[in-house]
Amino acid sequence: MNSEKVTKNLLFVASIILILLAAGMVLTLASGSIPVFEKFGIQFIWSNKWNPTAGREQYGALPFIAGTIITSVLALIICLPLAFSASLFIGEFYKGTFFAKIIGTMVDLLAGIPSIVYGLWGFYYLRPMIVKLGLNAQGFGVFTASIILAIMIIPYATSISTEIISLVPNHLKEAAYSLGATRMEVIWNVTVPAARSGIIASYILALGRALGETMAVTMLIGNDNHIPKSIFGIGNTMASVIANQFGEAEGSKLSALIAIGLLLFVITGLINAAGKFIIKKLA
Amino acid sequence: MEDQKVIVDKLSSKSKDARRKASNGIFHGLVILFSLITITPIILIILNLVEKGYRQINLHFFTQIAPDSWDAMQAISQGKLIPGGILNGITGTFMMVGMASIIAIPLGIMIGIFLYENGNKRYANFIRDITDILQGAPSIVLGLIAYLWVVKYITHGFSALAGAVSLAIMMLPLIIRPTEETFKMIPNTIKEAGVALGVPYHKIILKVMMPTGLSGLMTGILLALSRVIGETAPLMLTALGSQYVSFDITKPASAIPLLIWNFYNDPNLVNLIWSSSLSLVAMVLALNLISKRIASKRK
Amino acid sequence: MVNPVTEIKKPVLRIQNLHVSYDKNDKGKYAVANVSADIKKDQITAIMGPSGCGKSSLLRALNRMHELYPNIVTQGKIFLNDVDISKLSNIELRRKIGMVFQSPNPFPSMSIYENVVAGYKLNGIKQKKNQRDEIVEKSLKDVALWNEVKDALHKRGNFLSGGQQQRLCIARALAFQPDVILLDEPTSALDPVATSKIEDLLIKLKKNYSIVLVTHNMAQAARISDYSMFMYLGELVEYGKTKDMFTNPSDKRTEEYLMGKFG
């Protein structure tokens, strides 16, 4: 074999390792989940009972699936007007100016703050505000976690949509202006429709981020193993229950946590695939 | 003919135009307002970290290991600064991120080059999809995986190695994509020049392509490092944390984010969270800044 | 020699001492320098000149398009039917002056139908469906596109040829029945057949509309315009009847341009 073949084979082997890695991850999570599914059946997914007391053990993932979806969707809703405004600020209103650079850099900085620091800040600064507003006595809960999550996903929701908005061709916008449209009318009728799929894709990817966030949520959501009673109630997400209960987990409980990890992996994978699919269609 | 003009004039009265201009102004104002709200948290977070954390930051903070709860309590009762620092976290972070880099960087670069070489073939697209799935995987799930593989079967207990494996899986997709992008940007003529000289293939990659794309590769690597250096969740499930400086990869190890978590949970040590968070954020942002510098120089 | 009818008609646009500068800080450097001219009603006026002479900048001053770019400074006065355009809101002005651009730019997110009435939608003017249908049909007939697209009105316009797209854009500008239509090199991206269709269309349209056409194609100006301007380095060098200018230019620079010496 010549050197070219050796090198190409080596690169190919590297790609095989990646496949093995991904396949191994899925298989490991799946086999780790088997005990809980054997014991409680497929109902594990939609059962809302979570009772680790020895002898009366019962596990169901529903409270955490519900908690994850509620917190993430609420975070996305809070994030939307902020991220959309920032995208318009950077990619349309002040495109290419010093102000746009400042806002853009600040938004990028948000992505650099570790999850645990968001958790601390939420605990010591945001939580007291929630208490003051009387939304929740201790300030913990879905709403508090969602606000922190919303802040955390802003850079993901902003990055692609800003780029796509700034790429909407000038001659289209000028055509609308030449018909007498105001800037707001141009944005809603020309810019946003032209950039629509890119904007949607970036919000889907941001949602994918929110689903898997762990530390900040764990520190703020209240860690209660029931379906949240309202958006100001306490709860747990799939990621936060794993972080929270893993330390003392054995047997069925460990298997239940692994199964929740598997479900989380599948859900985020599907959401991300949807986002990537839209981006691919765009290109 | 003429009546259409009249219709336009009638339907678009001056007062209506004024209303449209006003709502345009309000919209513009809202965009500015919401943009300012968007950047408020980052300003507050950094201000709060500096304000509450700067007092603890001195040389000792980086050269001493974390204090135990008892010493801290005594210092607090005497009104002194809490002794000790985050040395065990720093060494743990460096050890685990270093090991993760040793695993992920060469493998990631090789897969990135493989994708570049194979363009739009179906198999290459499949590999890209897998990379995307890995990139979207929640870090806590990667912690579970490393626990099930390493903690359970290799080191039979929490270990730095397990932590490194979870971070390595996280880094991998963050290296693969920038590598491919960087190689795509290198003009084909550079590669062809090497081929024309009869240079062996692996040497073209190592001696021609890699140095040409070095800044792109560095940008990707530094960004990947800045992402994993602040990770807490996967390390809680794998490295667990340690009170001492330890370089045994089969034993539990600490990391800066793990120390922050420990401080947060210990009422006597809780004052240390701000200075440790400040140090961690400074490291992450410094890595970010350097990588952006390199990236902008390239352009 | 002089057609008495056109002389009696008032000018539709009066340009007085117009200056356009692209640099706020260097007002001495003009893209358009001290241009004064009256644009005749219901005629085609062509603006010619080598690239960079300021012909597009002059055109875009007429509907205050320059306001989109804060670094561009416009001085001087322009009157539309004796009304100072700086006294109008830019919304109103742009409804009265339509514009067609260099490359066809129908809105990709809208159907052909929606494109024609885009001006109404953008301006928030609500109408009954049959009124809208009428406007669409009439505008598309005016640009001789109706027969080609009447079965695909609710499809997006991206399957149309470049020439068809440009005629759609003209229909979009016509739907408001503007007083003036500005065209910025409308055929520069089109093939000769599509170009001649647009030219025929413009000759037909001047019955009801005053047309200002920027072109770098001298032959086009000669073929269809009634009046011509020749601009050079931001200055309006010569302005007069097209026939006169082409047969007997009064300025040496015009003569050199028409002989193909530059541009």
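Each chain gets a letter, A, B and C, in the order it is written, and its residues are counted from 1.
Please note the rule applied: a contact is a pair of C-beta atoms (placed from the backbone, for glycine too) under 8 Å apart; a residue touches a chain by one contact, two chains touch by 3 or more.
All of these numbers come straight from a predicted model, not from anything done at the bench.
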Ask   = Computing the C-alpha centre of each chain, which chain sits at the greatest distance from chain C?
value = B
Remark   = Of A-B and B-C, the pair with more C-beta contacts is A-B
Ask   = Can you give the whole-Å distance between the Cα centres of chain A and chain C?
value = 50
Inquiry  = Rounded to a whole Å, what is the gap between the Cα centroids of chain A and chain B?
reply    = 15
Query = Can you give the whole-Å distance between the Cα centres of chain B and chain C?
reply = 53
Note = Each of the following residues of chain B touches two or more other chains, namely 20-21
Query = Hey, what residues on chain A touch two or more of the other chains?
reply = 182, 185
Request  = Please set out, as single numbers or ranges, the residues of chain C touching at least two other chains.
outcome  = 91-92, 95, 123-124, 176
Ask   = What residues on chain A touch chain C, complex-wise?
value = 169, 171-172, 174-182, 185-186, 189-190, 193-194, 196
Message = With touch defined as at the start, can you tell me which chain A residues reach chain B in the complex?
response = 2-4, 6-8, 10-12, 14-15, 17-19, 21-22, 24-25, 28-29, 32, 81-86, 88-89, 93, 102-103, 106-110, 112-118, 120-121, 123-125, 151, 154, 182-185, 187, 208, 211-215, 218-219, 239, 242-243, 246-247, 257-258, 261, 264-265, 268-269, 271-273, 276
Message = With touch defined as at the start, can you tell me which chain B residues reach chain C in the complex?
response = 1, 4-5, 7-8, 11-12, 14, 16-18, 20-21
Ask   = Can you list the residues on chain C that touch chain A in the complex?
value = 63, 65, 68, 90-95, 98-99, 101-103, 105, 107-110, 118-119, 121-124, 169, 172-173, 176
Ask   = Hey, which residues of chain C end up touching chain B in the complex?
value = 89, 91-92, 95, 123-127, 131, 135, 138, 176-177, 208
